[in-house]
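In the two complexes that follow, subunit A is the common piece, with subunit B as its partner first and subunit C second.
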Partner chain A sequence: MTSNPLPASTCRTAGCTLTGALSVVTQVTDTVTVVHGPGGCTHHNFSLLSATALDNGRPALPPLVSTDLRETDIVFGGEEALDRTLTRVMNGNPGAIFVLSTCIVETIGDDIEKICQAQQGCPVIIVPTAGFLGGSFQAGVNNALIALAAMAESSAPNGRVNLIGEKNLEYEVEENYAEVSRLLSLLGLSVNLRFVRNITTDEIARLGAARLNVLRDPALIPVGEYLNSRFGTPYITGFPIGLSGNSSFLAEVAKTCGINGTDAVTRERAREGELLEKFHDLAGEGVFFSPLPPDPEGRIAARDLARNVGLRFSDQGNPVPVPVIPPVGLAGTERLLHRWRRAIFA
Partner chain B sequence: MKQIALYGKGGIGKSTTSANLSAALSLAGHSVLQIGCDPKRDSTRMLMAGRLIPTVMDLVRERGASAVTPQDVVFTGFHGVRCVEAGGPEPGVGCAGRGIIATFQLLEKFGTLTGDIIVYDVLGDVVCGGFAMPMREGYAQEVYLVTSGELMSLYAANNICKAIQRLAARPKSRCRIAGVICNAKNMPREEELVAEFARRVNSHLIQYIPRDRTVQLAELDRKTVIEYDPASEQAQRYRDLAARVMENSRLTIPTPLEIDDLESLARQYV
Partner chain C sequence: MTGAAACLAGFEGIHVVIHGSSGCYYYPSTLIGAPLYGTFILENEVVFGSGDRLKEVIGDLSGKGGRIAVITTCVPSVMGEDISAILPENDIILVDSPGFAGELETGYRAALAALSPKVDPKRKGVNIDGVSLSDPFHKGNIAEVTRLLRMAGIPVGTVFCRDWAEMAAHAAPFTIGTNADFASGVGNSLGGTLGIPALRATFEQLERELPEADASRVFEELDLAEGRVIGVCDRFLRRHTPPSVAIFAGAAYADYAAETLKAYLDAEIRFVGTRNEPPAGKKTGYRREKANDLGVVAERIREAAPDLVIGSAFEQPVCPGAAFVGLIPPLQDRVRLTYPPLAGTEGTLRFVEEILNTCMDRVKRRSVPER
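Presenting the complex of A and B:
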């Protein structure tokens, strides 16, 4: 059980299991998601998802429907409410319907599978999301990705690369995508499928065609393993993190795909040096991290970066922010260094 | 106003005891409300001449809570005893515990929980917070355990002691054990065993009710024993129980037994 209430420990990607799963399934644009539970479970997620879409410059209302359970449904069972809602949603001819369970319907024991199996018209996919069963935001993401992957069939290999589990609720999701795409292109690789960001159900069919899956971070290893067992696709465990992340990412991708990446790695190392040079004015300045990020990987990356640019750690120094989610690649690192510079010379 | 709850193992005779107790209390001049807290809804049947009255939960399901009135759920039975059945879902779906909570909230809103005495007839065992509702703040403050000398019913009674002990620890709680009713199977030394069990859990045997054919005959006639054969010895037992319940002021926090102790206790009386 998480018991750290500090604001530093909170971020958009630390909500409940339902939020994690919704951050995935609502990115399949031709589908509708039914949240089987009280209205509030849907409402606060709807608000978060629409606000995030707005922040990321793509205003869109998430296709979410609640079965809106009331006390009588809890006492007598919510299966009728689910059946009614699914029938109504089915009339809109979606590409698929996702059914997400909530804590309360798992408590009262609704037979969700029976109700979903009885529906005809489009695929109805159940994603287990009752957080009280021990699930976290990440469990919701993983469960949703695995449930969606089950829709894909084996297809002919196309030599491209899947990005698995991008953090759709982070501000920098598109910038991070651009950075990873750029790195892949240095090795002559291109993106096959963003699984899952802004895709349709038809596009899921090519999930198994990729030669490599790049997981967004190591928490997605169960998804990587699942895809490996389904399609035989190898995976690497994360996006490039921190200053030297790009060169090591390139080396790992090249090795996994059997490509000679020496030139690309050499060029990227040179760019790392150039970046440090751009921020040489920070050398010798005293700083401390405020707030300290809870994620050890983020702390290590931030400390390494600070040392590399010559910052001194000092309680009397300037407080500099460290994002909860570590910066991706050189682009993310440069963004962070700009923030530090503003904080130090403000 | 007294508020009492009868708890005990399924099939031990809580509804029979409750209905006869309510009938006797009413004849003694008290204003009585009996609330059946079980989806089976058979608590008040003998007070209603065999009629299964509509339950609070059925009406809430059919009409919605806002369309239910006190007149829809409170029925007057034998000698003016007011009867309510909580009801609940079909077996195997939903949450009957939440149904009990919803019923209590509705009855409280109606102002129904009045009278000289309210008898809460609760289902077999305390399986979740919903079924502990009658024990919670402001509701039943006096819990009577109905048990025979059989080990399984003593197990259930002992479990309920655990629930009372737990709930009694809450700052606002007034829930206490008020006594043990022995609804006998007519085993040898049964009264002694149940009396000793009561003493060991820091309570007392308030009434011994022997097994009597009159109960079955009365039920076949869809009546309480009090109504069916008021002159019978069994009817007198229930009247005695009613008198003792009204007089009883010995409310304690129980001390449940360990299972091994309970079993060795039962073994002593075999």
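Presenting the complex of A and C:
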């Protein structure tokens, strides 16, 4: 969002449900997603998703197709356009087709379910999305994850760990994954499934085999609950945040999995001290946060980090950036401290 | 809707309100890089009417001065509310521009028409048109064409659409363009500024129409620039075969790219796909058709098997082995901090420079043995 003043109401700016769902379903690489609406709804999401893929060094086009509704479809109904598009997409033999609706389609009342049920071939899965009519960006993410989870059956436990709801539009998504994987490995655990990031429909089958689900953040608790009721998998509510996040994350994972994590926690605490030592030159410098992160968790994490490295809060100090999404683990914290050092001394 | 926003947000003194959902707001706000406002309507406003919400947003803006423009998106457009009746006391520019009504250029034209631009016969200078905030070259184009006009002693009239709002009603009688896809239709058009032949013709016209104009220095610059372009292209052709090219862009930029590459590099133009409807009746020596569906684009690229693709980040991944030069948004493959032009002398120099460097990089890349 731009920084220009907008009418204040956070429920209005919670993002587009369609975009949230697309950030999930387009990560199932052998599927095609049909967006039922005007071409513009697909175009801007396509642009966002392809830009993100390029940022992450994976220059692949998102598998998105629009029903490209025109004025006559809006007047007389878009069901024919949906049927035509599904038939065309089905000819390409995808692993599955996801059908996502848009605001205008919900407004004119197309019967999407009827059209999808009539399709023969691969699974056609409707994900409830409709821009402002469907809820927020996060609602789109959660709806998509639950719709995909419904494709999985119960399977034999394999002792590994699922990562649930990684933020696929996040610039640092792979770095955050690396940090969490490293932490899990300290406890002798490995990742079973990145649900959902760069996977195929076949891989979804092993969703229920994990011993633990690690949610990306607490907004995914409804998904954690769904998976818990479906497969009996316990979950923890978020990736490690801030300086001391790693040690508390390790302790929580160890406790939930019944593992002795004492050594791992001790070693990680030592690394926290080493990191603070590396940035000891920041001690005593005056700073203020610019802009102040909207998320209370982000504010608390940033404030704690600043105190730990000995920064002073001062209106006359240097503005230092604080990410909207708090940094993950020690690796994310170290990157943030480099940015603060640049802001203070550069 | 995005085209309408790109037009109106280009005018200082117009506050642009996107009347629709939050999802509709984010794309234009990120693409055009100008302040926009939004109504961010919710489900209950779709059911019970969005008038109160629109009034609330307009009310927040009323103390800021300037005019307010409301652009309706798909859902408000079909709700059938009489928005001009909802806001009778305000001097609102209302543009009905839902996404299903057409392409970006359609919205741009609708917005400009709603602004009711006028020619002021007393206004000195020449207008520049074809400027859209959605175009990554628009800032560079304005700077470059302004420089050339000044070199010819011609003041700049109104820039459509990047100017003060009141200038729209006081346009000069003559206009030159940077991108015919966004032609304003205001004033008497004296030609375009894409490519050296077009620049020559346009400045000859300017000299004929404006007695005070002296374009001799511009013509000198054009001769010099064209000599440099011919020199480097000729050197390239001593070692390399001309590139085979597929081009994807708006019709005006696509034709410019094709004609430039044909003229200076003897390039083989295998396919030109335009995002908008290409101008009817214009004869080209190459295959050109509208192609704004990525499936069609991918098919045409496969058929053409070009060694150079010009287009956007959408076309780039379809042809990983080909050289690529960005011409239209989205351009997401690298950091961009400068404002390069495509129009004017510098525009052609930069374009040819990038084409040659990209083609030579591709040759080097292919000749490096894999380790």
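As a convention for this text, the second predicted complex is superposed on the first by the 330 of 346 C-alpha atoms of A that agree within 3 Å, B and C clash if a C-alpha of one lies under 4 Å from a C-alpha of the other, contacts with A are read in each partner's own complex, and residues count from 1 in each chain.
What we mean here is this: a contact is a pair of C-beta atoms (placed from the backbone, for glycine too) under 8 Å apart; a residue touches a chain by one contact, two chains touch by 3 or more.
Keep in mind that this is a model prediction, so the values were computed, not measured.
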Worksheet item: Looking at the overlay, does A:157 come into contact with subunit B only (first), subunit C only (second), both, or neither?
Response: neither
Practice prompt. For A:109, decide between first (touching subunit B), second (touching subunit C), both and neither.
Written response: first
Discussion item. Tell me the contact category for A:15 with respect to subunit B and subunit C: first, second, both or neither.
Written reply: second
Worksheet entry | Dominant contact partner of subunit A by residue count, subunit C or subunit B | C
Discussion item. Which partner chains sit in contact with A:310 here, subunit B, subunit C, both or neither? Use first/second/both/neither.
Written reply: neither
Practice prompt. Could you tell me if A:77 is touching subunit B, subunit C, both of them or neither one (first, second, both, neither)?
Written response: first
Discussion item. After the superposition on A, what does A:69 contact: first (subunit B), second (subunit C), both or neither?
Written reply: second
Discussion item. In the overlaid three-chain picture, which partner chain does A:321 touch, first (subunit B) or second (subunit C), both, or neither?
Written reply: neither
Fill in: subunit B/subunit C common contact set on subunit A
71, 73-74, 107-108
Worksheet item: Mind pulling up the subunit B residues that touch subunit A in the complex?
Response: 57, 60-61, 64-65, 88-90, 93-96, 98-99, 102
Fill in: Complex contacts: residues of subunit A adjacent to subunit B
71-79, 107-110
Fill in: In the complex with subunit A, residue positions of subunit C that touch it
1-2, 20-24, 26-27, 29, 31, 35-43, 46, 56-57, 60, 74-75, 78-79, 98-101, 292-295, 313-314, 316-318, 320, 329-330, 332-333
Discussion item. Considering only the defined contacts, which subunit A positions touch subunit C in the complex?
Written reply: 1-2, 4-7, 9, 11-19, 37-41, 43-44, 46-47, 50-51, 54-55, 59-61, 65, 68-71, 73-74, 102-104, 107-108, 131-133
